[in-house]
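Here come two complexes built around chain A, the first alongside chain B, the second alongside chain C.
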Partner chain A sequence: MMQQIDLARTALLFLPLFLLGLLALPGRATRRAILALIAAAVAAFALPLILDRGTLTYLVSFSTMAGIYAILALGLNSQWGLAGHVNFGVAGFFSVGAFTSALFTTTMPEGALAAYSQQAFGLQWPFLAGVVMAGILAAIVGFLISIPVLRLRTDFLAIATLGIAEVIRFIFQNERWLANGPQPMRGIPRPLDCLFKDPACSWLPTGVADFLAPLSPRDYVFFYLIVVSLILALVFIALERISRSPWGRMLRAIRDEENSAAMNGKNVTRRRIESFVVGSFIMGVAGAVYAHYVVSIDYSHFNPLFATFIIWVMLMLGGSGNNKGAILGAFAVWGVWSGAAFMIDSASPALQLISDDLPSRGAYLRWMLVALLLGLIVLYRPQGLIKERKRVSDFMPDDTNKD
Partner chain B sequence: MSIHDATGDADAPRHADDRTTGERILAGLRSRTALAVALAVTLVVFWGLGYRQGASGSDLLSLTIWGVMLGGIIALGAIGLTLVYGVLKFPNFAHGELVSFGAYGTFTIMALLPASAALRPFSFGWDLLVGMVVTMPLVALVALVVDRVLFRPLRVRDASLVLFAMASLAASFFLRSVIYLVWGSDFLFFYPGRSNPVLSLPLDIRIQADQLFVFVLAAILVALTWILLSRTRMGKAMRATANNPDLAQVRGINTERVIAATWALGASLAVAGGVMYGLASQLRPEMGWFLLLPMFAAVIMGGIGSPAGAIVGAIIIGIAQQVSSSFINPAYGPGVSFILMVVVLVLQPMGLFGQKDD
Partner chain C sequence: MSETNGARPPVLEVRDLVKDFDGLRAIDGCSLSVQEGTITGLIGPNGAGKTTLFNLITGYFKPDSGRVFTNGEDITSLPPHAVFHRGICRTFQIPREHGTMTVLENLMLVAPNQKGEHFWNCWLRPNAVRAQEREIRDQAMEVLEFVNLTHLATEYAGRLSGGQKKLLELARTMMARPRLVLLDEPAAGVNKTLMNKLAENIEFLRRERGVTFLLIEHDMELVMELCDPVIVMSEGRRLMEGRPEEVRNDPTVLEAYLGGQYGAA
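Moving on, here comes the complex of A and B:
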């Protein structure tokens, strides 16, 4: 017999598992939906029974973080995969999104707190409004940087985006008035966290409140996984629609044959700017989702490794130009990254034999691992695990041999 | 001294009469002259802003001289970057790590050497110079190994520029993780606690002897590079390969050897840059990464593939960074170089001395 806490977890796990099923299972829409429904129900009941509570919580928080990275990878895919923009400054758009949402949703510090914590404003807007503002502001930054740079060669865009990300990081590091300078910005509200508090939200029907009562605030991540997977699904569907639309076809045409597209009367620069802005918007949204998850953010979260490099590895591994691949890559690389931590921990005695300093520096072995991974992908499988599906029309057979 | 063949100003309009006045004004704005004027005006504005913030004339003069010194350090890195960019046609994001390797390698070699007294008025001794010279071939070897393992297979496959850029980013993070693993993340100093007195010069200018040394060394190395490129067989082969790799190969130039020489030269100069940078401040694993943005800005400002341009760009950027610290937070130095780079990209992406791509 399942305890009530496990039942409550089952209920919260169902929707993310259902969405995963829809994404991963084959077949046509109706069949897939039914299959996914059944599979999700089975898995949601089975998981709390098979795994102990701590492991399941870890798995859920792992998926939440991987889901946030998947949103970033999708954003990057809409720039690189769809339009061929080399954005080496994902961190910049990510951090603009995170800090924007934080500023719009937090409360302005008052009294004694104001001496320690400064910020430009705090509007106490609801979560979703913060997310949208985060996307809009990141899109504006993307628009401003794309005007001078996008008409140039791709390598200039790579250097310039790398630069803008560093400059944005300097700003968040040094401007105390804006978002508490080098100190972390704390107290970013979690949406609906009252669900897991005692007493629960006042508007909640007693039945639901009783059902969720055994869950503690530590189980909040189960709810946040629902939020992340819904936003991820939304972004995924939007991007799939976009890449099948005339606009998406035009972008691919510009990416592959810029001159032909221009000769056929397509406004190349306009389209390139538009696609860059779309990607920036998605990255901003991911930033907001991240900020509300970790609650406290500072500039150091958005360094080139965690916020740019690893996302490129995810996208390159999964398959550029393929949205499913981007999500797969995000989960795979985040799995490697998290798993490597355990491996290095257990290898610590062996590292001790090589050098006394090595165990404390073991974290950097993970960097090395991810860098090696990217090197191997570039050398041996630049198209990634799932290749881009080049489909001109549903009425034409897939030409899989064509590269 | 572009490593491309001089083929005249590719920008010269052939049918100037066809254009409207507006087009002519736009073209005028996007010329090299306009770029040079804009950069000069920027520097003048910076001096003015510094003066308004209360910096005295001699302060600004000192800052400007420091800027030239910083420019020398940036130039040592930027020459290698621009050579690789010109010959191999991709932005090498791992170049900053060659700079860091130079500094850390010298640090380790120095630990093996007997400590030497300071060569007054400088703060360093013979061990630093010996360490630097020994490290140069070692880091050149690192660059060659990275090229052999990573870039050469891509070259053979004729991979796209983006894959090269990704590969260099991977190399950058790999090399930096090596630095973290071997030397740790703490700041290191070549000579911890050694005093570095300021010279007394007329006009109240405050500089250290080390800074003068940095500049003189940079100038000597730059001059040697110039001679190498313009006088020797290998230098000419490098320029030919940069201009047209296929044609160079057909004419009997061993392009792989040229590429190896380019890496070796670029890495050696990067070592010198790293040692000078470490001497001026401290050794930290991200030191090369911090220099990468100013180096790229110098390369683009000078025109990709042009070592002379890289030097001019580096000095302009060095001065702009140092003078800007008189009126904004010095932490924004790399940001200043970024803004200047964007100005260059808007006005004239080919830079001050670059040649148009075919």
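Moving on, here comes the complex of A and C:
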């Protein structure tokens, strides 16, 4: 017999599993929906029974983080995958989104607190408004940057964007008035966290409150996974729609052969900027989702390794130009990354034998693994796990060009 | 401009165009015009500035001085996509297909003013986009039929042979319904049979669709058969212009091609 806490967890797991089913299962829309419904129901009941509570919580927080990375990878895909921008400044847009949402949703510190913690403003807006503002502001920053920077191509663009992301990071590190740099910005509100508090939110019907009662604030991540999956699903659907359209076709044409696209009447500069701004918006949204998850953010979260290059590896492993691939890559690389931590932990006696200080440098071994992975992808599977689809436009009638 | 005497302005007029590349004068006061409904040949020795002239007309380079008009409208220094929207299409010496897209979508891409090119229409007006995509697809299939590439519609354009890519280039210009097409060596690297086919297509488009052509070509047989008039360029200037047989027998043309000692004789 399931305990009530597991039952509550089952209820919370259902929606993310259902969305995963919709994404991963084959077949036409209706068939897929029914299959996903069944599979999600089974899995949501089975998981709390099979796994112990700690493991399940770990798995859920793993998926939440991977989901945030998946949003970032989608953002990068709309720049690199669709239009060929070598943006090495993902971290910049990510951080702009995170700090923007934090500023819009937190409370301005007052009284004694104001002496320790400073920020430009704190508007106490609701979570979703913060997410939207994060996207908009990242898009504005992306637009302003794109005007000078998109004159560059390939490695020159990479260096310029890398530099800009570092500038943004240093701004958040050094400008205390803006977002309390270099101290963390704390107290970023979690949406609906009253669900897991005692007493629960006052507006909650008693039945629901009683059902959720056994869950503690530590189980909040189960709810946040729902938030992340919904936002990820929305971003995926919206991006998928416009990638597989005449707009996406134009971007692929520009990516392949810019001069010819221009001579086919396409305003190359404008379209390149559009795709850059769309990507920036998505990265900004990811930043917001991240900020409200970790509650406290500072500049150090947005270094190039963690917030740019790992996302590149994710996209390249999953398949550049393929939105599903971007999501798959994010989960796969985050799995390798997290798995490597366990592996290195369990191998630490062996590492000790090689050299005394090797176990303490385990973190670098993880990066080495990711680098190795990148090397293998480039050598053996440059198109990624899921290849870019041959046909671009889904708006074209179905009776031609089957793929 | 010739509007004063009531005649229509030429479909293309280039006036006193100059272009320097770091002291090398590639185009040196070039003036020429192309009359509507002609297939005008543009020949000249290597380095005469023919392709540079195309690049100046289509906005890839900005001229240092001089002007370019189409149907009396000044299009000097307009960017390439704006030149396209004035009814001028161009192919490249080395085909520049979009290799990771299908042949069909290479053509569909070219159709001007697509609703789905604005990404918000894909969210907000999917049915309008879908209806237009159907029209464009049908048009592209017709064009493919015309150039005999129907069987390759769903193949990656990058996989086509050199000659097929040349056909695709010509097909591309047909999608745009242009007034003027600039062809840069359409027959280079193309076998005899395919070349005849190309020539037929060009002549058909001129006759039936009223498209004007300006084509750079080194294959004299093709030029003599297809073009009238022929413009000869040398050292960045128009050397002469005339009917094919006049050009063939002109000593200055021979001199430009072969060097002074032959022309002087």
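Everything below uses one rule, namely that the second predicted complex is superposed on the first by the 391 of 403 C-alpha atoms of A that agree within 3 Å, B and C clash if a C-alpha of one lies under 4 Å from a C-alpha of the other, contacts with A are read in each partner's own complex, and residues count from 1 in each chain.
Here is the rule we use: contacts are C-beta pairs under 8 Å (C-beta built on N, C-alpha and C of every residue); 3 or more make two chains touch, one makes a residue touch a chain.
Note that the coordinates shown come from a computational prediction; the quantities given were computed from them, not determined experimentally.
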| item | value |
| --- | --- |
| Partner chain in contact with A:K387 - chain B first, chain C second, else both or neither | neither |
| Which of chain B and chain C A:V167 touches, first, second, both or neither | first |
| First (chain B), second (chain C), both or neither touched by A:E274 | second |
| Contacts of A:N259 with chain B and chain C, given as first, second, both or neither | second |
| Partner chain in contact with A:M250 - chain B first, chain C second, else both or neither | second |
| Chain B versus chain C as contact partner of A:R241, first or second or both or neither | second |
| Chain B and chain C footprints on chain A, overlapping residues | none |
| Contact set on chain A toward chain C in their complex | 238, 241-242, 245-247, 249-250, 252-253, 255-257, 259-268, 274, 278, 388, 390-393, 395-397, 400-403 |
| Residue numbers on chain C that touch chain A, as the complex places them | 58, 60, 79-81, 84-85, 89-90, 92, 96-102, 104-106, 108-110, 112, 114-119, 122-123, 126, 129-130, 133-134, 137, 141, 153-154, 156, 172, 176 |
| Chain B residues within the chain A interface of the complex | 90-91, 93, 150, 153-154, 159, 161-163, 165-167, 169-174, 176-178, 180-181, 184-185, 289, 292-293, 296-297, 300, 329, 331-332, 334-335, 338, 341-342, 345-346, 349, 357 |
| Residue ranges of chain A touching chain B (in the complex, touch as defined) | 84, 86, 88, 148-149, 152-156, 158-160, 162-164, 166-167, 170-171, 173-174, 304-305, 309, 312, 316, 357-358, 361, 364-365, 367-368, 370-372, 374-375, 378-379, 382 |
